Structures are given as C-alpha cells and as structure tokens.
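Here subunit A shows up in two complexes: once beside subunit B, once beside subunit C.
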Partner chain A sequence: MGLVGTLTRKQRRLTRPIGHYTLGTWVLLALTILVPLLYGIYISLLDINLASFLAPQFVGLKNYTTALQASETWSTLRITIALMFLGMIVQIPCGIILAVALHQQLRGTKIFRSILITPMLLTPVAVGLTFRFMFDTDLGVINWFIGKLGIESVNWLGSQTSGLVAIVIVDSWQSIPFVMLLILAALSAIPTSLFEAATVDGASNRQVFRLITAPLITPTLLVIVMIKIMDFLKLFDTIFMLTRGGPGNATTTLGLWTYKTGFVFLELSRAAALGVIILIITMPVYFLWRKSTRNVR
Partner chain B sequence: MKGLTVSLGKRNRVLPIIVAIALALTGCSKGSSDKASGEINIFLIPSPSSTSIQSFIPEFEKQTGIKVNFSETPYGEAHQKQLLSYNQKAGAYDIAQFDNSFLAPFCQAKAMLPLDSYISKSKEYDIGDFSQAQQDYGKCKGETLGLTLSTEPMIQWYRTDIYEKLGLTPAKTWDEYYNNAKKIQASGSGGQIMGFGPNVSWWWMTLVWSFGGQLYDDNLNPTVNSKEAVAATDYLKKLIAVSPKGAITANGDDVTSRFLGEDIGAMLNYSGYYGMALDEKINKNKGKIGTAPMPIGAADITHLAGWNIGIPSDAKNPDAAWKFLEFVFGKTNAKAYLQSGAAAIGRQSIINDAELVATNPYLPQLTISASSRVERYPQIAVWPEFETAAIDAVSQVLTGKKATQAALDALNEKLKPILAKEPRG
Partner chain C sequence: MKRISLGKVTSYGILIISSFASLFPLFWTFSTSIKNRTDTYVLPPKFFNFHPTLKNYISLFKIKTFPHIYLNSIFITLMSTLISLILGSLSAYAFARRSKFRGRTLLDALMIAVRALPAIVVLLPIYKLSSYLGMYDSVWTLILLYAGFNIPFAIWLLTSFFNQIPIEIEEAARVDGASNTRMFVQVILPLAAPGLVATGIFISLLSWNEFLIPVIMAGENAKTLPVFVASFISNKNLDWGPMAAAATVAMVPIVALTVFIQRWLVTGLSSGAVKD
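After this line comes the complex of A and B, so read on.
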C-alpha cells in the first residue's frame, strides 16, 4: 500500500494489469462477435418471420427440429461437402506444385509470384460475375475455346455436375495462390542445409520431396486443410454470382440455403437456427485448426 | 497553469461538440415538424417506372410546395427493408413502390394504408379508366393497398422479319407456338426463348394456368401434380429443344436481352420488358419486334404482373403522399408519364393513342379481354418458399434428373407443410 502510494502517475500506469490494455479490444470483440452470436442463438429459439408483425413467441428447439427434418438441409450439406472435397483435391496439389516451382528461385520468379497472387486480391463478386459470362453456353469464351479444340460446348451452369465443377474452377482460381503462399512460406522455413546434405548424399528430386519437403510442410498443410474446410462452409458470394444455387437447388450450399431461408423466405428464426447448426459443424474443425497451428513454425 | 490550459483546451473541444449535438437535435425536431406540414419521402426500386416518377418531382414541388425526397433500393433487398421499416413503425416512407408478389405479406402485416377512400373521391385518378383486372391488381381482402404502377401481362413477342420470311403468323395456340419455333430453328435461327433458369416459375405457372391447372385449390391444398400441370411441365421441357442452349440458365433479363440482341424467332415474356426494346444499345433488331397476345391453351388466361405503389400505414404525411400519387398517375399526366420511359400503367384512355402506340407498339396488348381469366402472382405470404420449391422441382425435370410426374408428386408433398403455414381467413 505504502509502495503504491510512492509511485508516480506514470509508474502506476505502467504497472496496470495487462487486462486494462486489452479491455477496449475485448469490448469491441464482444459487441461485434459475442453479442450478435448470442442474439442469433436467442432468435433461433423464437418464431420470427419478417412478414408477420405478430409478437415473436418462444418455440424452444422447434426451428432446429424443422431444419434437421428438412431434406434441403441435408442435400445442401452434401453439396457443401462435395464442393469441399473437389476443391481441396484441386487446390492443394496445385498450390504445392506452384510453391515448389517458385521455391527453386528460377529466373522470373518474382514476376510470376506477383502475377500468381493477383486472383487472390480480387473480390469474389466481381470474379463470379466475370466467370458467369465466361461460362455462358452460347456466348462464353470457355465454350468458344473448347469448340476450337473440336469439343462440343458444355452447358456449364445448367446441370448439377458441371455447375459444381464450374464453382470449383472459379474458387480454385482464387484460392490456389493462397495455398501457394502458405506452402512457400513453409518451404522458406526449411533450412537449406537439409537440401544440400540430401543433394550431397545423391538423393533424387522425388526423394528430397518425399523425405524432406513433404514431412516438413505437413503441419502447414494441415492448417491449410482446416482453413479451406471453414472457407467452403461459408462459401457464398462466388456461388451466388455464378449459379445462385441453381439449377433449382442443385448447387445450393448450406450457407446459401441459410441465406434463402432468412432473406427470401423471410424466416429469420429458422435461418438463425441453420446458422447455429453451421457453427456447430464448424466447431470441431476450429479446434483441429487450433491444434494443428501449434506445430507450425 | 498547465493544468488550467489543458482544462480549457478540453472545454474548447467539448463545447463545440455539445453545441453541434444541440443544433443537430433542434434541426431534427424542426425537420420533423416541417415534414408533417409538407415533406414526403418516397421509397423506389430501380426501374424505368422509378426513373419516370423522379422526373415529375420538380414540377410537383413547384406546384404544391411539398418537398419530395426519394431513395432507391435494389430489388434484392427492397421488400425486406420495407418490412423492417414497417415492423419498427419508423414512419420512414410516405410512398413505397413494391412488387405485386409482396402484396400478400404486406397485407398480412397491415403494412399499407387502404387507398379506397382517396380513390373514390379522386376525379383526377379516375379509377373507372382502368379495366376491372387492373382495378383489382392492388387489392387484398377487398381493400386497395396499392395503385397499379405497371400493367405487365405475359405476351408473345416475335421477330416480324423472320416471321415474314418464313410465312408465319403469331401463334394462337401452344401447338402453333411450338411448330413456329421448330420451323424457325430449322431455318437457322433460334426457335424461341423463355427463361428456364432461376425465374422458370414465371413461365411454368403461366403454362400450368393456361393448360387448365391450378397451383393450389381454394383450401390451400397444393395441386401441382394434376394432369394439367404435368402436361404444362412436359410442354415447357419440349420447348428447350427449340430454344438456344443457354436458355436453360437464363433469367428474365437474360431472355429479353438475348431476344433483342440475337436472331431468335419468338419469346414469351412480360410486356414490361418493352423498355429494353427502346434501348438501342440492347435492341439490335429495332423495328423488327412485334407483339401479340399469349397463345391460348385449355383455359383462356392472362398472366398479369407488374409493380404497385402505395402509402405505408405508418406514413407521416399520407395526404401529401396521395397528392403526389394523383399528380404522377392521374389522367392529366398519363401520357407524359408513359413518354418519360415508364412501363405502361394500363390507363384505357391512352393505350390506343396513335402517338404512344408508334413508340410503344405493345400498348394494345394491355387491353385484357373480358373473357380472359386474370391470374397474377399467387397472393400468399409463403409464396417465396413455394416458388423456390417449385423452381427446384421444375429444374429437375428440365435437366432430366427426374421424370415429370415423380418430380411434381414430390413437389406436391413438399408444398403441403409450406401452404399449411399460410394464415387462413
């Protein structure tokens, strides 16, 4: 007590608990994340419909049971998972190949690196709209190009399979640079002495990749997989611009279905329940992500 | 001394803020009282009708001294924003434009002020100048909640040059429509176009009605798997073969711009899209676009669509709002309103005006025959959910994923709980 009394104002300020400095951030985070989250959970237990001006009633878990019984919830979840797998099968190998190529520090690497990250800088809405025109069956440049190769034009956005492929192509075009950058960072962190020693020992390129590169970038790969899973669970803008979830609901993901429920059907409480369901699905992925990041340098 | 300076400095900074807040509050309250005496706020949705309405504001302000403010909100969020505003009783708008498909939710929510007392007293608006179908267009449960802002029946559009070259005439039946399209396609042009994509419900329900079917009965039981609905859906699927390939993903705008910009023989679409035909950047076939009534099937129906405009229940200045509606949509300015580029309201006294017909040749199609049964967007609050389910089922048929009867049977089952949510009475 006596010691505190002798401290100057500046010293007292410096000896404040660390929590005092982060309080503002916590309040901001609580207002922007925690409060909306809790409010979302709260309204998921009511029966709010934007077109009904009746006072909301507490309905307990009814919105959850309705959502879980609806065939669309499961079909859109299947579509989300299908997109996730297709996307990762394309994006992770391509990202690794590009990162390994850039890591060789060949001539023009800097220019290529700049060019390759450009798609990542564009807004998904603009990209989706541009690709929508490119995928047009009659006027699109993609069908024009494959027509030049003698292949019959594809109705890209007119069926479920080709629609999903189109979404994966567009998302991959934007996401591969992100995967590439993370892998490149992981590769840069590997000591060059390991590669030099392997070369002296006469290891082939394939052996170097299998025995040195792959094990050392695995923790980063795990992080990428987790981030991509979360990305696909919330993928919205690209699909909205490209197919609007169509034809019918054939390319509608769980996120897009939640949007339709809330803003097209005006069933706000049911949409909130779907949002909470997405959150519950994402939670284990989040904890895995936290665990995997511990091993990343 | 330093402390005093700091203290004064703080006061110097705080005082102007307090004064500014006080002035702002005074300004707000003054604004509110001004508004009650002569200021209205209009909620518009970007469209040729909205642009035309805006063009009348300066003259109205000059004549009445009523200040008019307006804001435009894109279609995608317009109705949600209106519902939120009405729900909060914010009184933010004195006039609001809305799509007829939202009349039922607005009616259910008692969001719009009944206009019947204003209409019955207004010689300038003259409700008798509209056909019965148009008079009923903004009605819900016997009350007029919105004036007709545009009358847009589904009509047949055709390329006069292609039809003349092949010796064809606009189809009167659905068989003729298909056969015309087949002949046009054989000649090397696109046979016909409809939107088989995200708006396929527009064409599907039109065909269901025209083939003699209904979407649901009087007790709100779905009837989308009737033999008429199956025949209509099969016909829709048959038309894909005589349409350009990309039509399978086309929406209403795509269909119109493709018909106007490419060599496609015919199109079935709302007359309200004619504004696009007046735009030379879009219409590469100027002077070659003809219009005719929609072919007739087992039932003679007119599918009527279009905008409404009304006064929200929480409007702060409904009388001034009515003055504005009367000014823009009354008889005096009827011709000027259409000439300013708006979609036609359907006022009978001007739809055969030679000068107007010269620039808008579709106008005579707005005369709805008394024998024709008028169908409009289903007036149910659960329509968005109903429509999404229908689009999904019809798309499965069109893409060959499911047989017609199976898809419509499944749809019928899916619609039962959706329609059960619709408030009765």
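After this line comes the complex of A and C, so read on.
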C-alpha cells in the first residue's frame, strides 16, 4: 500500500507540467520566423518597390500571377531542379562508397574520417572564393591539371553547362561528407551478426550488399534525398560566390532569383510572392521528411 | 566479422584519393595566401618552390574596417550561441523528459519547418520590418536571427544528450523533493556539460559560417567576416593573394575547433536528420 502511494506521488512529481520551459524558444521563433512569415505573405499582396516613394497599394494576387507568367520563374526553377538531380547523382553514390570504405574499420579509419568531414565545416563563402581562383580559365590549377590529362581548358564559370557543373563540384565537395556520415551511422546500426549469418550461409559480397545492406540503409537514403531537396532549394552561398547566377541568369536558382528580385531590382513585393511560392514548393518535402524521420526512429 | 567489403586495397585507394581531394583546396588557399604575386600568377602552378611572404596578411590587416568586422563575427557568434544554448536547453529538457506537454507537436513541427525553410523567404519581410523599426544593420538583430535559425539544431542535439542521462538520477532527486528548476539547474545541466559544450561549438560553426542573413541585414556597422570575404569578388581585378588570406583567416578558427571536438561532431552533424 505504502509502496504504491510513493510511486504515484513520484510519478505525479515526474509529470509536473513543463510546457512553459519552451516559452523562450516560442518567443524567439515567433520573432524571427513566424511573424516575418505572416508579414511576408502580407507584403506579397501589396506592390512595394524599394526604389519608389509611393504608398504601397493592395494588389491582391497580382504578384503571383506575374510571377507564374514570368519566364524567369520557370527557367530558374528548372535550373534549381537540374542542380538538385545532378547533385544527388554525384553525392549519394560517392557518400555510399566512402561510408562503406570507412565501415571496413581499416587501420587509420579515424584519421580518414576526420579529414573527410573537414570540408563540410568550412565557411561556404570562403570555399567559394577558393574554388573561384582554382576554376580560373587561364591560370587556375584545375585547368592546369586537366591539361596534364590532355583535356582542353574549360571556361568553367562562363557558360551554363560548365557553370552548373562547377557549382555541383563545389557543393559536392562540401556535402558528400554529410551524406557519408548519415550512411555510416546507418551501416553501424546494422548488427554484425546479420553479416556473419549471411557469410556462414555462403552469401557472396554482392548478395550481402543487395539483400542485407541495401534494404537496411534505404530509409536513411530516403531521408538524405529529402534533405538534399531542401538544401538545393536553399543553396545560395556557393552560387553567389562562383557565378552570381551568371552568365546572365544561366545558373540562377529560384532562391537566388528571389534575392535578385528583392535586392537588385528592389521589387520587394514580387520577391515576397516568389518566397511564398518557394514555401509552397517546400511543403510536400517538409511533410515527407517529417514522416520519414519518424520511420527511421 | 566479415562485413560488406570492397577489398582492402580498393578501400585504401578510395580513402586516400578522397582525403587528398578534401585537403587540396585548403592547402592551395593557404599556399596562395603566402605567395608573392609573381608566384601566384604562373603556369605551371608553384606548389612548394616559392618564397613564403606575409605580405597578403599585412595588407589584409591594414584594411581599416577589418578588425571591427572580425570582432563583430566573434561577438555575434558567441552571443547567438549563448541564446541558443540557454533557450535550447530548456526546451530540450522538456522534450527529453516529457512525452507530452502543451505545444510539443507544434514546436516539433515548427523546428522541422525552420530546417526546411529557405531563409530568403523570411529575410525579405525581416528586412522590410527592420528598416521600419530601425533595427537594420544592428549586431543584436543579427544575433536574434542567428539564434532563431539555429535553435532547432541546439534542441535536437541537446535532447539526445539529455536522453542519455539515466532517469533514475532524476527520480532520486525527485524523492528528495527537488523542483523542476532545481532539477534542471543542479542535476541535469552539470551532467550534460559535455553535451552543452559540443552543442555550443556546433552552433558556433553555423553562426560563424552564416552568409545570407548578414548579406541582407548588415551594412557597414554590423558586417561579418563572410560578407567581407564575399566582397572580394565584386572587385573587377581579382587579387588572389589577399583573397586567399581572407579565406584562410575565416577558416582557421574552424579547423582549430574541429580538431578538438571530432567525437561530438559526428553526432551533431547528423542530428535532426535522424531522430533518436
């Protein structure tokens, strides 16, 4: 009787309300995210131009119809999607290969891992600057190197295709480690007994990978795809440093186009409408991501 | 103990080549930063056969605004990290110790939204609001914004650290009659100290590297290092030496820090992606 009594009292204490502990976070997120988001939707319904002194007028959905009719919106969206695919095609296989190589637990694995994750920690702007002079057409070390291999010099940042390739190279240099870490975590979570049993049963390496490893890292791969989609929608620093979206708008993503509309052409309301459009594009990914992280748990 | 294997030689080959690829740009930036102009602009590139010079660093530190900018970056990083840690640890405690509390699902959803949201979407209205309120180009505006964007990472990370603290310790303190506050301050925080440090360093990295927020929200007064580094490319005649020196100066603290926190970084970097 007494024991039950203490238990319930203890439980009552342990479940003391604690929701107010999150109050500070709520205030911070309201100030920095929620209020601006609502205000952004409001702005998108006006016609604010930062260079104009006229009082803003309410124009309804005009900015949205303008945005959806403008060819730049679609071309920059296409470029964003192209970068996304190109990036994933490079980064996911490379991440898997590196994770598998690290997972062998060879001598020196720790040192290799430390070296390999360094790029993802570095300031993207500084990295962009570095690659900017490495990509130089005449005196860049990259053209010098591929010249040694007998390939002609490339004007990396001067055309759409090579510019996008350059952006993917730099972004991959910084993001592959992240993919690698997530896959490595998934690999480490697979019980070694599974591999042992498979080996005892005479499974080949290829069979082990196809029948054990691949299915068990698939949930993680899905999470990585979600994160990559979100990150490519956000990608800004690297492009800003390498090409500024040029030549012309040839390497401008939707995010960079929103930035240019707002801060170069000073069309704040139009940019806000583009922002809301990006938000709508992000939504499905957001819900899928919430779902997939729950499954991984 | 057989695992999926690529073969030792292949694995080593892959690891060595990719390590080289990871380090080369760093080496190249650093070596460019200590070269004379004549050694910089030549083909074939000079890898080791040049006379090192500190000229580029001296010209960098001679730029009048540079110390101010560097101090800005340090101050903003420290303060925003502090705010993220204080508010984040309170929320993380709630997440780690209560399966249910008012607003939990909503806050969880909001945190993921912040992670998914391209910052430009909220920065446009923030820019407009801040010029209304006279908060444009202020370090405190930047501090608040950095904290807002980084706090979800702090909460995810700290929640996983708090989860590792055995509930029995807390139960014992409960029986002794500790209140929520005393429990948090005197029991949980000291036990989670390594986690707080790791989270702090991780959040500092994010703040230190942030570019989009300050490029929109900072003028001359609140300018940070990444904005300064980026300004090098707006010059028509790119001067690689000082450029490389600026990039090096921005990256050195990171490389120094990461050497210390290797162990924690791996957890930190994959947090939020995989819930535990």
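We adopt the following convention: the second predicted complex is superposed on the first by the 280 of 297 C-alpha atoms of A that agree within 3 Å, B and C clash if a C-alpha of one lies under 4 Å from a C-alpha of the other, contacts with A are read in each partner's own complex, and residues count from 1 in each chain.
Definition applied: a contact is a pair of C-beta atoms (placed from the backbone, for glycine too) under 8 Å apart; a residue touches a chain by one contact, two chains touch by 3 or more.
All of these numbers come straight from a predicted model, not from anything done at the bench.
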{"item": "First (subunit B), second (subunit C), both or neither touched by A:258", "value": "second"}
{"item": "Most subunit A residues touched (candidates subunit B, subunit C)", "value": "C"}
{"item": "First, second, both or neither for A:246, with subunit B first and subunit C second", "value": "first"}
{"item": "Partner chain(s) touched by A:159 [first = subunit B, second = subunit C, both, neither]", "value": "first"}
{"item": "Touched partner set for A:270, first subunit B, second subunit C, both or neither", "value": "neither"}
{"item": "First, second, both or neither for A:139, with subunit B first and subunit C second", "value": "both"}
{"item": "Subunit B versus subunit C as contact partner of A:228, first or second or both or neither", "value": "neither"}
{"item": "On subunit A, positions contacted by subunit B and by subunit C", "value": "139, 244, 263"}
{"item": "Complex contact set, residues of subunit B against subunit A", "value": "77, 80, 83-84, 86-87, 105, 108-111, 197-198, 244-246, 248-249, 381-382, 384-385, 388, 391-396, 398-399, 401, 414"}
{"item": "Partner subunit A, residues of subunit C touching it in the complex", "value": "1-6, 8, 10-12, 14-15, 18-19, 21-23, 25-26, 28-29, 32, 41-45, 83, 86-88, 90-91, 93-94, 97-98, 101-104, 107, 109-110, 112-129, 144-145, 147-149, 151, 155, 170-171, 174-175, 180, 184, 205, 208-209, 211-212, 215-216, 225-226, 229-230, 232-233, 238, 240, 243-244, 246-248, 250-251, 254-255, 258-259, 262, 265-266, 269-270, 273-276"}
{"item": "Residue ranges of subunit A touching subunit B (in the complex, touch as defined)", "value": "50-53, 71, 136-139, 153, 155, 157-160, 243-244, 246-250, 260, 263-267"}
{"item": "For the subunit A and subunit C complex, residues of the former touching the latter", "value": "6, 10, 13-19, 21-22, 24-26, 28-29, 31-37, 39-40, 42-43, 48, 97-98, 100-106, 108, 110, 112-134, 139, 141, 144, 173, 177-178, 181-182, 185, 192, 195-196, 199, 205, 208-209, 212-213, 220, 223-224, 227, 230, 233-234, 236-237, 240-241, 244, 255, 258-259, 262-263, 268, 271-272, 275-276, 278-279, 282, 285-286, 289-290, 293-294, 296-297"}
